[in-house]
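Mind looking over this structure? Questions follow.
By letter and in written order, the chains are A, B, C and D; residue numbering begins at 1 in each of them.
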Amino acid sequence: MNSFGRIFRASIFGESHGAGIGVLIDGCPAGLPLAEEDLRRDLDRRRSGAPGTTPRREPDAPQIRSGIFQGRTTGAPILLIINNRDVDSRDYESMRWTPRPGHADFVAEKKYGGFHDYRGSGHFSGRLTAGLVMAGAVARKLIRPVQVTAVLEEAGGFPQIEEAVQDAVDNKDSIGGVVGCRVTGLPAGLGEPFFDSVESLMSHAVFAIPAIKGIEFGSGFRLARMRGSEANDVILDAKGTTATNHAGGIHGGITNGNDLVFRVVVKPTSSIPREQRTVDMRTGQPAVLQVEGRHDACIALRMPVVVEAATALVLADLMRVAGLIPPVVTE
Amino acid sequence: MNSFGRIFRASIFGESHGAGIGVLIDGCPAGLPLAEEDLRRDLDRRRSGAPGTTPRREPDAPQIRSGIFQGRTTGAPILLIINNRDVDSRDYESMRWTPRPGHADFVAEKKYGGFHDYRGSGHFSGRLTAGLVMAGAVARKLIRPVQVTAVLEEAGGFPQIEEAVQDAVDNKDSIGGVVGCRVTGLPAGLGEPFFDSVESLMSHAVFAIPAIKGIEFGSGFRLARMRGSEANDVILDAKGTTATNHAGGIHGGITNGNDLVFRVVVKPTSSIPREQRTVDMRTGQPAVLQVEGRHDACIALRMPVVVEAATALVLADLMRVAGLIPPVVTE
Amino acid sequence: MNSFGRIFRASIFGESHGAGIGVLIDGCPAGLPLAEEDLRRDLDRRRSGAPGTTPRREPDAPQIRSGIFQGRTTGAPILLIINNRDVDSRDYESMRWTPRPGHADFVAEKKYGGFHDYRGSGHFSGRLTAGLVMAGAVARKLIRPVQVTAVLEEAGGFPQIEEAVQDAVDNKDSIGGVVGCRVTGLPAGLGEPFFDSVESLMSHAVFAIPAIKGIEFGSGFRLARMRGSEANDVILDAKGTTATNHAGGIHGGITNGNDLVFRVVVKPTSSIPREQRTVDMRTGQPAVLQVEGRHDACIALRMPVVVEAATALVLADLMRVAGLIPPVVTE
Amino acid sequence: MNSFGRIFRASIFGESHGAGIGVLIDGCPAGLPLAEEDLRRDLDRRRSGAPGTTPRREPDAPQIRSGIFQGRTTGAPILLIINNRDVDSRDYESMRWTPRPGHADFVAEKKYGGFHDYRGSGHFSGRLTAGLVMAGAVARKLIRPVQVTAVLEEAGGFPQIEEAVQDAVDNKDSIGGVVGCRVTGLPAGLGEPFFDSVESLMSHAVFAIPAIKGIEFGSGFRLARMRGSEANDVILDAKGTTATNHAGGIHGGITNGNDLVFRVVVKPTSSIPREQRTVDMRTGQPAVLQVEGRHDACIALRMPVVVEAATALVLADLMRVAGLIPPVVTE
């Protein structure tokens, strides 16, 4: 349930205010050079620090606990851990019974009968995506020379992202955004016609990222207004190069050799420093909630590397299933 | 690869111009009344016949081949088959080496080394969705009183769907559309925080449907332009009823007890009765293609019941995993 | 639940006295020549006819319903069906409430709440192994030049099998046996250290065969009485050839390049033409049962090809996971 | 590949001479009281110390790193870790190229291209079973009041186990043994007819334990010499109580309400303090090997709790699939 992949498989674990978070990777070929530095590069892109991101400062120092020997993967499961440091759970006790709108507080209470770790969203925290990012850093090395690049295209509806974020901060509010992702260098033929279509697997992985509420491939929702004569990507040569890429590089669920292109929408951060109405779960009576704690005004700022990670996970697995990544890799 | 589900599991098979198509269902509880009539109701909604749909006329008579005894499911695998009748493969020989733009012809050639059944798109055909629909008809009965309803909200960008379709037919072109889906009566607590989030599973299943290129939950891509203060769904009572439903009934990947709401985009049918440019796969030289055969001008017209089916599959599985559907059902 | 395999995956279905039985195979590479004749060869080895086997005479004519085009696999799911012909269900009505000792009658009633197809053991019937055999026939072609050979080594404790069987028939009784299986030509390196050890996967598949109650690899239970100095297989060369094969070709869960060797025990057929004591499930009172119907005195006679099939399934999947069988095969 | 289970799922990781070993558990219901003390009880039974066990002394102090809050499971993944302490890898450098007979050294070299952690058998080490034992300790609490009990029935062929072990030590040799396991209190109806038969799942899990080379259910291999009239377990009452239990509590792959009974054979420890012949993997030339390091003369002594753990894992998963363990447990 917290795992993904058929052969290259990642399982995430941890809590925001517990001992730490991390990921267990199975099915990674032997022989891949891997150092903590490889993980840190991607983790740094996910970290807070910029305006509009949470003041919580975590060094996010990754530890490799198994599966690596003499600087290379061994073929055995790889356990990657980040200990939590900058934990301050005081604010959460006061919010115990007043679920934050837009958060998982209410569903967690229902699903786990009140036994969940409610501090800092516990296992539901966006902090868990650091585990995804570490798995993605491994996957990214495996799939080379395939390249995955995601960027925040807009925030709050504006391409001037810094201004939009500052405006949200000034208004004690939050904004969402749109992240675009492009994969270059992909071979044709990955994916399966139906339940393992590339769209199925990519969306499955991407929707594991908290706050993402939509995904579209190629021209996506704009296809609803296009004619077939416009939407069909004309094939230009025997390699399958197309004149346009409305399909986002996927036909019949399978990569067609063009760039894989998709966009996801990130909802505005749910935690905002304003009073909000909610309910007291014990009494069912209305309540007013002032979310304390440290939060991002625009979590979308930190998303691109997480989307890249989810994408790399899917591709590493697809390439393993297709036999394109051997059980032992050598560089 | 052609299967979906953890406990309630559907596997589709078949080809457009082969012996037939169908679905094998495993993990269905014993005791559910099931007759071919139950399948026919949903299959009829998927069938062609209306203006803008293919002139191919298949009776789509479902056969129950295993797993039913004395009118009820036995708990053993259920094999559902539809034989193909109205098959005319003549047109496909002439298109053997000139892949139709927007179709799976090119990727199939690459992936299967030329061994695929290329007649009528073979295993890639939209006809395979009849198998999905049959599995969905079973799932739908299982999850009662949960109700799944999908409608075609717009086609070619217009809510006046009939006119838009007629216009496409008149122009020898095709159009896409947007299908909205709503699930009522769902309990809170289904789904898992990460890789088995409801969004992950729903999108995984829905993208198994050919021609779907995007999905959004609740307010979806509009969330990119909203503020947190607007997007957060205020909780009104101890049952979790929210004042708005921007989240589409899912928080933290888990159903929150409100309606599950999502929309998908259907691309315009790739096969259009116009000359199109393509390439000859043998020579790599440009070619001109006139797609013959019988095709839909707006495949989106036939999509709502398929989307419902994919949705019901996911929910039946989630409810089995949660123990909400017992191994033996009695009515 | 009725499926096995990670990439090369078989799902069996059907009932003894229903419309038929069969198997759905997913993950088979494209390009493999496959005709009904390929299936018939193995099915004939499973069929009854010899003394000591059931008088039920089924032609067992396999039908290929999907996944084959122009005599070769397409890469799409392969549906293989055998219709039932020689069905006589009269005897089963009288036994409806008096479970046959050694059979699944009692557990089926408990598990499926009385909704199971009780005729001829329904989905529990040994007849379902014909589906396994068909999937095995495909797998066997895939893994060439690896060869799988199983033989009935003894029946009722005697190597003189014919006499032992005749003696059982004469005594209105039944006997079990031991089937030995040997795989030659296997590469070293298949399998995984823990939960996907070759022993784990082989036993998982083999215990899907009704009536098998034990398995041992290499010297098996005799290892309990051996010393390490005797049991250790001395390695003779860089290919890993060992002087002895007490390990049955598997070390650390992984094939070591020597022959894979294991033995399974088949219990005596439960259905015997004698009066037996049982209970009436409706009243809980003792009852006397005379099993009618047509049964094998020594089902083990028909087992070798079934054991071979289960073995080939596992190996085909392991070789796909290891990338040793490509997505497209050509001969 | 290092994971097992459909809903209740355990993934093991670690190396004998690396940072540590452990297990990640997913699908554990919320609300189960769990303390490190619960794990220690079972770990202590697995530890060395008795005559005939390795002189390596590991405190095996388990750490709970996620999934527990205020003394109870939260429903999120549970990470359990044991750090390695008493590591001495000097002996392994000298054996780098001379694979120990009976060990995974040779296959690891082949499978992982020389990148595996060869110190102390690395990921292949029996030490990894401490992870299994921890997962089993959790599973055991979940399935209560079902009780799992395994005992070493014989070692080296003798029921006088202490003497047999001492004799092996005196002879610088090792011995194997037979472990019997009995489960009481099981409900009827667990398991599935074919690939998820209780025998399939139990053997799959049990063969994940290094050194186990055979398994038999109920009367097992003795059934090969029995008649049906003797082997059939007569049903005595409506609860399914049988007069004998030759089937080991399983009919048709499904628990029948009687005790689940099976036996496994443990091969003699491969590492023995004698000179043994082997080969030099670099040259293919014969070599003589003196295994240094610290080893068990009879690893079977430490096996019962490991077998219990594997058994409890399977049962916890089967009971979750059957809906017999709810998503939230309360005591």
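Keep in mind that, in the parts below, contacts are C-beta pairs under 8 Å (C-beta built on N, C-alpha and C of every residue); 3 or more make two chains touch, one makes a residue touch a chain.
Predicted model only: the values in this text are computed from it and were never measured.
Most remote chain with respect to subunit A, judged by CA-atom centres, is C. A comparison of the A-B and B-C interfaces places the larger number of contacting C-beta pairs at A-B.
Between subunit A and subunit C, the centres computed from C-alpha atoms are 44 Å apart. Once the centre of each chain is set as its mean CA position, subunit A and subunit B turn out to be 26 Å apart. Subunit B and subunit C, compared by their mean Cα positions, are separated by 36 Å. The set of subunit A residues touching two or more other chains comprises 1-3, 7, 12, 76, 111, 123, 189, 193, 327. Listing the residues of subunit B that touch subunit D in their complex gives 6-7, 76, 189, 193, 321-323, 326-327.
Contact residues of subunit C toward subunit D in the complex are 1-4, 12, 99-104, 106-108, 110-111, 123-124, 128, 154, 156-157, 168, 171, 173-178, 188-189, 192-197, 199-201, 203-205, 207-208, 210, 212-221, 223-238, 240, 242, 246-248, 251-257, 265-272, 274, 276-279, 281, 283-284, 286.
By the touch rule above, subunit B contacts subunit C in their complex via residues 1-3, 7, 9, 11-15, 18-22, 24, 26-27, 30-31, 65-67, 69, 72-79, 81, 111-113, 115-117, 122-123, 327-328, 330.
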